[in-house]
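Chain naming follows the written order as A, B, C, D, E and F, and within any one chain the residues start at number 1.
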Amino acid sequence: MLSANNLTCIRNQRILFEDLSFSINQGSLLYLKGPNGAGKTTLMRSVVGLNQLQQGKVELDQQPIADCGDNVLYLGHKPAVNEWLSAEQNMQHWCNLKNQQIDILALINKVGLAGLHDVPVKFLSAGQKRRVALSRLWNSNAKLWVLDEPFTSIDVKGVEVLNALFARHKSQGGMVMVTSHQDLPTNVVDEVLSLEYRF
Amino acid sequence: MLSANNLTCIRNQRILFEDLSFSINQGSLLYLKGPNGAGKTTLMRSVVGLNQLQQGKVELDQQPIADCGDNVLYLGHKPAVNEWLSAEQNMQHWCNLKNQQIDILALINKVGLAGLHDVPVKFLSAGQKRRVALSRLWNSNAKLWVLDEPFTSIDVKGVEVLNALFARHKSQGGMVMVTSHQDLPTNVVDEVLSLEYRF
Amino acid sequence: MGAFESFADFLAMNGYAFYVWLSYGLAFLLIVALFLWSKWQRKSIEQEIVQQQQVRNIRQQQVNSEMKL
Amino acid sequence: MFKWLHPYAKPEKAYQLSLAFQRFFMPLAICGLIVGCIWGLVFAPTDYQQSDSARIMYIHVPAAIWSMGVYMSMGIAGFCALVWQIKLLEISVLAMAPIGAAFTAIALFTGSLWGKPMWGTWWVWDARLTSELILLFLYMGVFALFQSFDDKRTGAKAACILAVIGMINVPIIHYSVEWWNTLHQGASITKLDKPSIAPSMLWPLLINIVSVLCLFIAFTCYRFATELLRAESHRKWVLEILGK
Amino acid sequence: MSFSSFFIQSIKRDFQIAAIQKHEFILPVLFFILVIVLFPITVGPDGTMLSRLASAVGWIALILSMLIALPRMFAEDFENGWLEQVFLSGVPHSLIVLSRIVSFWLLYCLPLVFCSFLLVPFMSMEVGLWSVLVQTLLLGSILTACLGAVASALLVASRKGGGVMALLLIPLLVPSLIFAGAAMDAAQQSLPYTAPITILAALAVFSLTIAPLATAQALKLNMG
Amino acid sequence: MSFSSFFIQSIKRDFQIAAIQKHEFILPVLFFILVIVLFPITVGPDGTMLSRLASAVGWIALILSMLIALPRMFAEDFENGWLEQVFLSGVPHSLIVLSRIVSFWLLYCLPLVFCSFLLVPFMSMEVGLWSVLVQTLLLGSILTACLGAVASALLVASRKGGGVMALLLIPLLVPSLIFAGAAMDAAQQSLPYTAPITILAALAVFSLTIAPLATAQALKLNMG
């Protein structure tokens, strides 16, 4: 279970959120909503510990999130993909980092990049680049997924597949925290957290 | 009227599209559909002349598109916004380039960045950055708009406004060519062009 | 007048006028510049804060950050 | 002592205190400098060796001494800020850097204006001069580093790190440069081994040394207050102060 | 927009961006000073030795700071897509490139040439010699900026650029270095030094006419 | 993953990327060569003079070419977000940084040290002396890489690169320059030169233990 308590973040002298508390139970998905600039990205980065908070703490299964290393998977606006390497190489490096032994060509097929495995990511289309980054969801062992606008540039079928993935992850007892400006199907969403734009 | 004749593009020994012809009439919107990697971006860049075609030519009102300079507005995946400058400065430079005299602060209000006009774009959220790029639609004199996934990172209300903008532009006799993985409302779309993923 | 016979002597500094006066002048100039710069910084920060407050008030009145036609 | 200091660790109190300090030390410094300079320029006896060019001393030596003194206090403040996570000290490091840089620049300029008539060149690569030049770079580095951060708080932390690294390095640089020079050249300019100066020259010098210290304190307090306003600009007390 | 106003506006924009990345103006200067300081410390404080090195140091500092700045000449505008928008806007492409070369030269090269004055006190250079050095540096920096623009445009997207950059910059820089050295030598011995300077000037003018075309082509290629 | 295998994998990754982006790693070497070539051209073909300068030139060329390479040390991984993923993955942060320092040293410094062999023909350096120079350069490059890592990490989010980097780095390098000079001098006069080399080694080891911690802190600061 993820529990976030009393989170406060001030950016540029503007309070983005103050004393915000929420929790995500085993097997449920939190859908983070809000207009542009509300502070969704900032909140997510604070949850995984990439952002210094003014106040508050985040715990995953009673452990501070900073110690949870491989139990958290954060995919943000930045793809964490090297543009000069191919999709295959990028995935290989990810697997090395996460200590996974998987069949990379099969994974490439699954994310719909068959035949493009040795093309530098630079030459792929926007959606294909995004798929390289999202491929990390398929074999992830992490309990908590924190996904910042995962559907960006992904086509309609891709979005369906991603939603199915979320459902599968939930059924395996995982937790998901998602933002998106495209609505998620209601059967996937368990909780909604709305951030307002504050002044 | 935009007419594209016999366009062919081959990338990496893969035919993206072949002998593709289409036209956009005055006051109508072409919705370009297709899965990731189908070649939508490539087609759009070819239409505005940023991409060398293997074959084919594009004309706007019987003139080759390369000579149409200010009559074409292309907004692609890249924002054409300098991260270090503020929204105001970026817009000012755009107006200088396009030789427009407009009230920039009013424009900033319109795109919903009121109060953020002097913040470097670097510090804006993903959607706010995107709004700076899209602000070019408001006062554009261009007849043809070529927009590649304009809704990326834009919140729900923003998408509505953009759709209304398309409608207004059409009513003024403009032409729009759009791709998106989020569906456009049917009353805005006049024609649909589907690109398939070809192997 | 102190160690000098006349005011002209004082100004001449035994032929070292250039060096002595320039060094005192430069030192003085640098200190004054630092002072003015600090003053200016303070003023601009004060302005910035007040402005920020105004902007915040304006935005609260406008209430939205939405796009408009 | 920490007990006594504690109430002042509140930004508001620190702000008030620093402004009070500034109000006390600034007039002191100005009066002292005027007295010292006039004494030095007009009344102090002419040096029998260096003639009147020696009057540069009354500004050169205080600036040179405090250029190092400021760096030491900056390094110490930075160290404490990092170890005990004291935000106020971080800010004070930033307040001090430009002052130190200005003193260093003054020492360099006046020294080099003194050097031209005395040694015949504007500049020699002597140990003391070289390390003074490097000190200027260290100051500039601290400030440039702070400026290159978008977020002022993180910038201040980074500047502290650099100030501390620099403080460790200043003695190393100093001694290595000294060694380097003696190694290559043999002692060239022994300006420290002069016979101790006459009291009539010492007094104005001492006055100036003390008043430059006062100047340093006054400037630091003023700049500290400014930086504090910036850092706390979303707090109520700032708006209250500015609203008045 | 008229071409001249485009030219001015685009230079203004470059200055604005440089002013925001604040130190951009001072940094080349500082850098230059630091490089100069490196020499006495490593070579030793011997005045005559240093004065013989002075002109070499000036050139090295110039080339180095330009090499640091060059890769970013088009990088930012290319990556954020501004460049393609300007290319689409109907302004002649070589004018676009020329304006960038000019603003680059004004921002990065001119301050350095001024700063080379520091060689006079720090490396005991003679003032007369320094004025000759300034001439060679002015011409040399134009040349480097032009060649660098081509190289930087080639580099901006393609990964084969490295070799090209090397092939382009070095063979052309070495001759200009030789001419500059010849001019300095002649000046040191009080001989006339116009011939090598003229050759340098010819090289600079030549590169100024060719480079914008080549650079525009290279950028176009990289856009796809 | 065990830490040692992480270490090896991440060095492998850096090599892979360098192999693709060849220009990144050719440029410093080329610059090194350029500096070495530049001196004989400007100073003139005076053998004894050149040989006196040789070791200083080697050091300066090393530092300057590293200044070109250093700003890119973390830039790419930081910008595309890889670095934050690695920081999140639970590997000790200083290990991450250490692996980058090591790969950087192997990729950018080692080739330079090899290239310093060019001093022997170009600046009429004695081979015996050159071997001493190589020792000082090896140690000095470790030191530079470590201090440079801190500087590069501090500056990674502000794209100020070169200038500030030099400002942060060069003052800190002065002691090692002086000790290296002392070693070379002693070697030239056939005196024992172990003392300064030992000091250099001590500095290198010291920086190798401190730098990863400071660098990791600096990167963390920059992530927000």
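The rule is simple: contacts are C-beta pairs under 8 Å (C-beta built on N, C-alpha and C of every residue); 3 or more make two chains touch, one makes a residue touch a chain.
Keep in mind the model is a prediction, meaning the values are calculated, not measured.
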- Average the CA atoms of each chain to get its centre, and name the chain whose centre is farthest from that of subunit E. A
- Most distant chain from subunit F, judged by the mean position of its C-alpha atoms: B
- Item | Contact-richer chain pair [A-F vs D-E] | A-F
- Note on the structure: Rounded to the nearest 5 degrees, the rotation mapping the CA atoms of subunit E onto those of subunit F is 175
- Message: Could you work out how far the Cα centre of subunit C sits from that of subunit D, in whole Å?
- Response: 18
- Query: Taking each chain's centre as the mean of its CA atoms, how far is subunit A from subunit E in angstrom?
  - Reply: 45
- Query: Roughly how many whole angstrom separate the Cα centroids of subunit B and subunit E?
  - Reply: 37
- Per the centroid of Cα atoms for each chain, what is the distance between subunit A and subunit B, given in Å? 28
- Message: Two-or-more-chain contact residues of subunit C, please, as numbers and ranges.
- Response: 52, 56, 59, 64-66
- Going through subunit A residue by residue, note those that touch at least 2 other chains and give them in order. 13-14, 35-37, 77, 84, 120, 199
- Query: Can you list the residues of subunit D that touch 2 or more other chains?
  - Reply: 134, 137, 140, 144, 148, 150, 180, 184, 233
- subunit E contacts subunit B in the complex at 1, 6, 9, 13, 16-17, 20-21, 76-77, 79-82, 84-90, 223-224
- Task: Over in the complex, which subunit E residues touch subunit D? Could you list them?
- Result: 22-23, 30, 34, 37, 40-41, 44-47, 121-122, 124
- Item | Residues of subunit C touching subunit B in the complex | 55-56, 58-59, 62, 64-69
- Which residues, counting only subunit A, touch subunit F once they are in their complex? 45, 48-52, 67-70, 72, 74, 76-85, 89, 93, 96-99, 120
- Where on subunit B does subunit C make contact in their complex? 109-115, 131, 157-158, 161-162, 164-165, 168
